[in-house]
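The first chain written gets the first letter, and so on, giving A, B, C, D, E, F, G and H; residue counts start at 1 in each chain.
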Amino acid sequence: MTFRNGLNSLLRPEDSVLVLIDHQPYQLANVNSHEPTMVVNNTVGLAKAAKAFGVPTILTTVIAERGGKLFPQIAEVFPGQEIIDRTFINTWQDQKVVDAVKVTGRKQLIIAGLWTEVCVAMPAIQAAGEGWDVTVITDASGAVSVEAHQVAIQRMIAAGVNIMTWLALAAEWQRDWARADQAAKVTDVIVQHVGGSGIAYLWEQQLLNTPVPTASVGV
Amino acid sequence: MTFRNGLNSLLRPEDSVLVLIDHQPYQLANVNSHEPTMVVNNTVGLAKAAKAFGVPTILTTVIAERGGKLFPQIAEVFPGQEIIDRTFINTWQDQKVVDAVKVTGRKQLIIAGLWTEVCVAMPAIQAAGEGWDVTVITDASGAVSVEAHQVAIQRMIAAGVNIMTWLALAAEWQRDWARADQAAKVTDVIVQHVGGSGIAYLWEQQLLNTPVPTASVGV
Amino acid sequence: MTFRNGLNSLLRPEDSVLVLIDHQPYQLANVNSHEPTMVVNNTVGLAKAAKAFGVPTILTTVIAERGGKLFPQIAEVFPGQEIIDRTFINTWQDQKVVDAVKVTGRKQLIIAGLWTEVCVAMPAIQAAGEGWDVTVITDASGAVSVEAHQVAIQRMIAAGVNIMTWLALAAEWQRDWARADQAAKVTDVIVQHVGGSGIAYLWEQQLLNTPVPTASVGV
Amino acid sequence: MTFRNGLNSLLRPEDSVLVLIDHQPYQLANVNSHEPTMVVNNTVGLAKAAKAFGVPTILTTVIAERGGKLFPQIAEVFPGQEIIDRTFINTWQDQKVVDAVKVTGRKQLIIAGLWTEVCVAMPAIQAAGEGWDVTVITDASGAVSVEAHQVAIQRMIAAGVNIMTWLALAAEWQRDWARADQAAKVTDVIVQHVGGSGIAYLWEQQLLNTPVPTASVGV
Amino acid sequence: MTFRNGLNSLLRPEDSVLVLIDHQPYQLANVNSHEPTMVVNNTVGLAKAAKAFGVPTILTTVIAERGGKLFPQIAEVFPGQEIIDRTFINTWQDQKVVDAVKVTGRKQLIIAGLWTEVCVAMPAIQAAGEGWDVTVITDASGAVSVEAHQVAIQRMIAAGVNIMTWLALAAEWQRDWARADQAAKVTDVIVQHVGGSGIAYLWEQQLLNTPVPTASVGV
Amino acid sequence: MTFRNGLNSLLRPEDSVLVLIDHQPYQLANVNSHEPTMVVNNTVGLAKAAKAFGVPTILTTVIAERGGKLFPQIAEVFPGQEIIDRTFINTWQDQKVVDAVKVTGRKQLIIAGLWTEVCVAMPAIQAAGEGWDVTVITDASGAVSVEAHQVAIQRMIAAGVNIMTWLALAAEWQRDWARADQAAKVTDVIVQHVGGSGIAYLWEQQLLNTPVPTASVGV
Amino acid sequence: MTFRNGLNSLLRPEDSVLVLIDHQPYQLANVNSHEPTMVVNNTVGLAKAAKAFGVPTILTTVIAERGGKLFPQIAEVFPGQEIIDRTFINTWQDQKVVDAVKVTGRKQLIIAGLWTEVCVAMPAIQAAGEGWDVTVITDASGAVSVEAHQVAIQRMIAAGVNIMTWLALAAEWQRDWARADQAAKVTDVIVQHVGGSGIAYLWEQQLLNTPVPTASVGV
Amino acid sequence: MTFRNGLNSLLRPEDSVLVLIDHQPYQLANVNSHEPTMVVNNTVGLAKAAKAFGVPTILTTVIAERGGKLFPQIAEVFPGQEIIDRTFINTWQDQKVVDAVKVTGRKQLIIAGLWTEVCVAMPAIQAAGEGWDVTVITDASGAVSVEAHQVAIQRMIAAGVNIMTWLALAAEWQRDWARADQAAKVTDVIVQHVGGSGIAYLWEQQLLNTPVPTASVGV
């Protein structure tokens, strides 16, 4: 058991692979840890950020013909991509998903899903024990209660799992605003999915292109 | 001072007019009563619902060349529509806005804006005293603190202002699901802006069109 | 506008009629104001209390073939009873429901349902304006957000609607523990649906029937 | 009992008089409804706003030789001004304070103080009964518990007292940003005492005076 | 329906009568709105304050042989006093209690008890309708849930009931610190039951009797 | 000290043994960390899940003749089973309980009880030091305060104890929905004790067996 | 770094020593993490429990002639005992205190004080590094903000400090209710300082000594 | 991985270096974890404390010409000091900042900034891996949500980062009130930036210099 730190512990697009698990209607119907609208928003933001950075993303559901299909807002980020349907609740015991991750050759494994305490916790804890560097994105996940969410996070930390929120991951992938191509893409995601920062950015852009007003009115 | 109740007190599309006030960057930058992403989401949902029901909507800002333009997500719902810029903080002392409302001939005046305690409270309280039937949509508004939001709501109630949340208004406008044309439009808004109910609706649609599975798996 | 007070304003079984509205899956799927398990528990407790006191109860749903049937836990309290299905979102504009209430000849109209801000608020506000003495049971209802729930309650208060919680209503119906027949039935409901008080009652019953222990141990 | 609304119900500098009551150490030592630093900050912001608009301000304490002197941050806004010390807990029964208010000839009486439920509630409720148009500034006040604060606010509302927060009052006094002299003063107060808005204003001023950057980095 | 305000609306010892209802084990066992230790502490503080000001206090329980006796901490404040045991849940329908109140000849009726939504709400609402000036002390009461407590308070406000917290009442009774005999008694109650203010008072007394230290140490 | 992770760290029915400790009236009477109704509900859900998976369950109380018997809702899940009564507060120092656990031959020891910080913490911490793989189910436990609950959880984590919530455990035991026999039993438990998911499941079942409606009404 | 667990890690009276630090007026005046009345109550309960179990208790203050004397409620538990006054903020750098602890020969060092993040954290962290088995009692401590309290707890956990709440410690010291002499003393402390459990205990005692009532009323 | 404890682990002015990161308008505009006014206040308090103790402070921003300049309240504490502007989001990958820290020769690296989960977390985690003794000041930082703030803190703890709040750091630097010169400076900072303690200190100073009043009034 060692501290997970140092420059290498920070997440990089070229070493990352994302698995989105069970963002489905049956699960969302009993999420009580977060406002469901924010769960959808954050997961789509995460998915678009992954796409912007070229991070391969595996999509998976559990018995979608009954529990409902993956949220279309997420599926639409990856048009035509296969969504792996499982019967295993624990994604990491589904060989097809594990193979899909392994084929990417990446070791920074990032997971988000519904519910935090079930469909996220099991694969995160198993994979961490198998040597993967696992990160869970808590605000693109959700649980049946606030306590279930927090207890699951504490359990995963005790399992050596790294935890983050989605915008922090996007910024960590970006790392340097001088990488201008990526920066433009990330900014698009922020404008669409981060209310406060997106509007602030648009204000900045407006003012930078505005001559100094001569009017003497106050704010 | 009488109770505001009875069938006539419920809001109808044909009698409603909506005024959206100061959904601008300077104001959003210090909203601390709500998650800013939800404020943007709810206001856009409200705007689209108004449009779906043919409710005329007045858009107004205060010194937009400095405090920033109306959120584009809202402006895009009403392409080409004029946004009335003011110096008056109290919208109801700006004759141009009041005239725009009066010309609609409607008396159910609905207001949302930033901040609840300033740009919403003043026009709501003034108009209520002038005989308008005023409704404030609290979750498409926001304040500099939770206390500022709640105190403003209590002040407006004491002024005879009606308060609602945006989805309640949309449902009240719809009133009867047998009004099928409107129902389809409202459902679109829900799918886009009400995470939990939108996903539940899509599940319902999926299952209704699915033959009964024969597999014996559980949940 | 007068204060609602005095002995006559308290609720009596013989003058009460209960309407349970839209306790259905589509609605529950986006209740975020309460733990859903508690909403189910409280509504069943309310239903059983009404039955225990002989209070007629009207059950109604909205498009149950799509939004889902009334929670079976509630339906089972009233075996064989018709559940009035509507297209009107506002129950009080559905003549069949209103007639069912009127035929009871009772004027203390009690309402609970999902969501507080839509399916509860509209009939409560309309009926209050038509002279009914309306009481809403807030903890057997639920809303899409805490704010939606609280704003709806404040709106209903401003409409002259009385608000209560379900156990308070049961106790008000009981009024005097000397009414022993009712007391036994209410106690059954408490044992089943009020965790803290039910267990306390069972403890009381156990200890009252226990000889004083002779052991000298502490607590 | 009538609704308090209409244009005349809004607060105007020329009709306002402010009374700050018992912002003293003994009282602050048991404020548990707010972060004490914010109580001090908000009260000083309120005092400076009053000064900026020429609103006369009465300062009063209760047995300051024991319970401690008025916070110096407030006293320094009004150098040399008398601070009326009382033995009456209810300020409005101290003739000296009432006379000081009456001599201003203003009827919009604004009160803030410690504690909300004692030193604010009593004079607010008494004065409201004597025909004053009373407004209490809740976030420049504080109570021994959150419940004490909220219950006092509800009691004062039932007494016909108007409630506001301090920044809302400053904006209501300003009313129109075209009043440039006042606007500049108010902006100074905001920069000093409203963290989020003050910094946002400084950013606006910086950007408006900055040529458009040519660098291609994102943010 | 009129606003309850003005000097006469403030509570005076010589016009007050206090009724403490059902502070018993069965009820406390399911109080979830407050920390039970604080409910006991606050009620004892209220009882001692009443005694200090010579306010007659009626003690009453419901079926104490089963639900448990009045908390001894309260009973001990009034040694030898009769505790009226009832079967009526609604105290105000028990003639013995009402007579005990009437014999005092006082009209400012103050009530606290368990639970807020049952044993407090019913007598408060009934008595308010019979012309009593009713005040409920919310923090010497408690409910089965936070929602039950808050909903009951809102219901009582709509019934014309005044609400306060216990320390606010004690200060209102005191009214003027120049009433030295009472002040000493109230201060004793504060030292025993108001943690923050009691300790602050003792500090004040210590420092006022201490020569100025000559040491140069900091805070 | 090593991270607890990997596939083997996940809980399996065949390796699990459950101990339910002191779910008794005296303890529940001062649970302030959770709604008592939910504590009862969750513990019964946990007990039924254990039964469904064939996980042996030990029931134990402390001085039940005084502190009250095990909640009957739990006892009824295991008709006729012995409930081990102790004087030791620390269950793990009661040889009879430890022997009952040891005889099962299982090493994944799962504990829930009242209070978290006393009757749960002591055996969990002791057993963890003796080589058991201990898991505490936090939402089938409860404490005298929120702080007591959270501090106890943090203490147990520092002792190497695993923490979970009850539904997460049931899902981990299930592991794969293809295990149809178990799935049916678990689904029964969910329908009875998980409000949001149970109702969602019933909706799914209803819709899957419903022909597509032809009506054109909206949601 | 090893897990702190096993039977030996539980606290025993004969190995414990308690240090109460800076429960003084200056510190309490800015405690915002807890209700101050509860901090006083809990610390006195802790002190009495220590006394009941014969656990030596060291009392210490910092510059009491200015910051105020130890709360008299605590001092009175140990009449005549020296209170060590310091200038060192970090108690563990004051040789007199450390010597007083060392002379007891006990290694289970228990600390509570004001503020958690300063006067508790420093000695706890230092002593833990010097080989003491340190336990901090969080609810007999307090901080300038909720964040300060929680961050300090997390910091101390990372330093290997054990955390508990006061009633958990008392129960751990008791360990077995069969130890009747201690049990009686602990029960006294509970009756005086644990509202919910004390009243429940008194109820139990009352009912056990009551013949079964013959009345047929419910509860 | 070892516990961070012992006397040497406490922070000393002579070994400390402070880095303040991105306290800028763009970042503050979307801080939702704290009241922005408190973030500004706490950071200025931290900066002044560092200055009072002679702790070198590095100031850095990211693309200040667009995201806005360092808060002037902070800059003014260090007049004329260079503010290092970066394009790297991760400060610790900016050689200029790292060199500025290294040149101080100090190893206790203290970091605060906006946002906790991005601009604070990355350098803290990287530096911790490179052997620095890193401390993050959480209440002089802020995040886009409460969850983002808390998750980042948990992540940093798992990386071996120490966490504190700003006043705790100031007190730890002071360590002994007998260090009178420093004490006076720290007291100045407290009076300006810690509302509750600053006012308490001023009261203490007032009372210590006041003859004992002879009046017999209470307080």
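Going forward, a residue touches a chain if its C-beta (ideal position, glycine included) is under 8 Å from a C-beta of that chain, and two chains touch if they have at least 3 such contacts.
Chain labels with UniProt names: A, B, C, D, E, F, G, H = Hydrolase.
In this text, all values refer to a predicted model and were calculated from it rather than measured experimentally.
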Stepping chain to touching chain, what's the minimum from chain D to chain F?
2
Where the contacts of chain B and chain E overlap, which chains show up?
C, D, F, H
How far, in degrees, do you have to turn chain E to put its CA atoms on top of chain F, rounded to the nearest 5?
180
Could you figure out which pair among E-F, C-F or B-F mirrors the E-H interface, over half of its contact pairs being identical by residue number?
B-F
Between chain G and chain D, distance of the C-alpha-averaged centres to the nearest whole Å:
41
Just how far, in Å, is the C-alpha centre of chain H from the one of chain D?
30
For chain A and chain D, what's the span in angstrom between their mean Cα positions?
44
Going by residue number, chain E touches two or more other chains at 1, 25-26, 28-30, 32, 35-36, 63, 66-67, 87, 145, 174, 177-178, 194-196, 200-201, 203-204, 207-208, 210, 213, 217, 219
Which pairs of chains touch each other?
A-B, A-C, A-D, A-F, A-H, B-C, B-D, B-F, B-H, C-E, C-F, C-G, D-E, D-G, D-H, E-F, E-G, E-H, F-G, G-H
Please name which positions on chain E make contact with chain H in the complex.
174, 177-178, 180, 182-184, 186-187, 201, 203-204, 207-210, 212-213, 216-219
Residue numbers of chain H touching chain G in their complex, please.
1-10, 138-139, 153, 157, 162-165, 167-168, 171-172, 174-178, 194-197, 200-201, 204, 208
Within the complex, chain B is touched by chain C residues 1, 25-26, 29-30, 32, 62-63, 66-67, 87-90, 92-93, 115, 117-118, 121-122, 125-126, 128-130, 144-145, 147-148, 151-152, 154-155, 158-161
Which positions of chain D touch chain G when the two form their complex?
25, 28-30, 32, 35-36, 145
Per the contact definition, I'd like the list of chain B residues that touch chain A in the complex.
25-26, 28-29, 31, 35-41, 63, 65-69, 71-72, 87, 193-196, 198-200, 202-203, 206-207, 210, 213, 217, 219
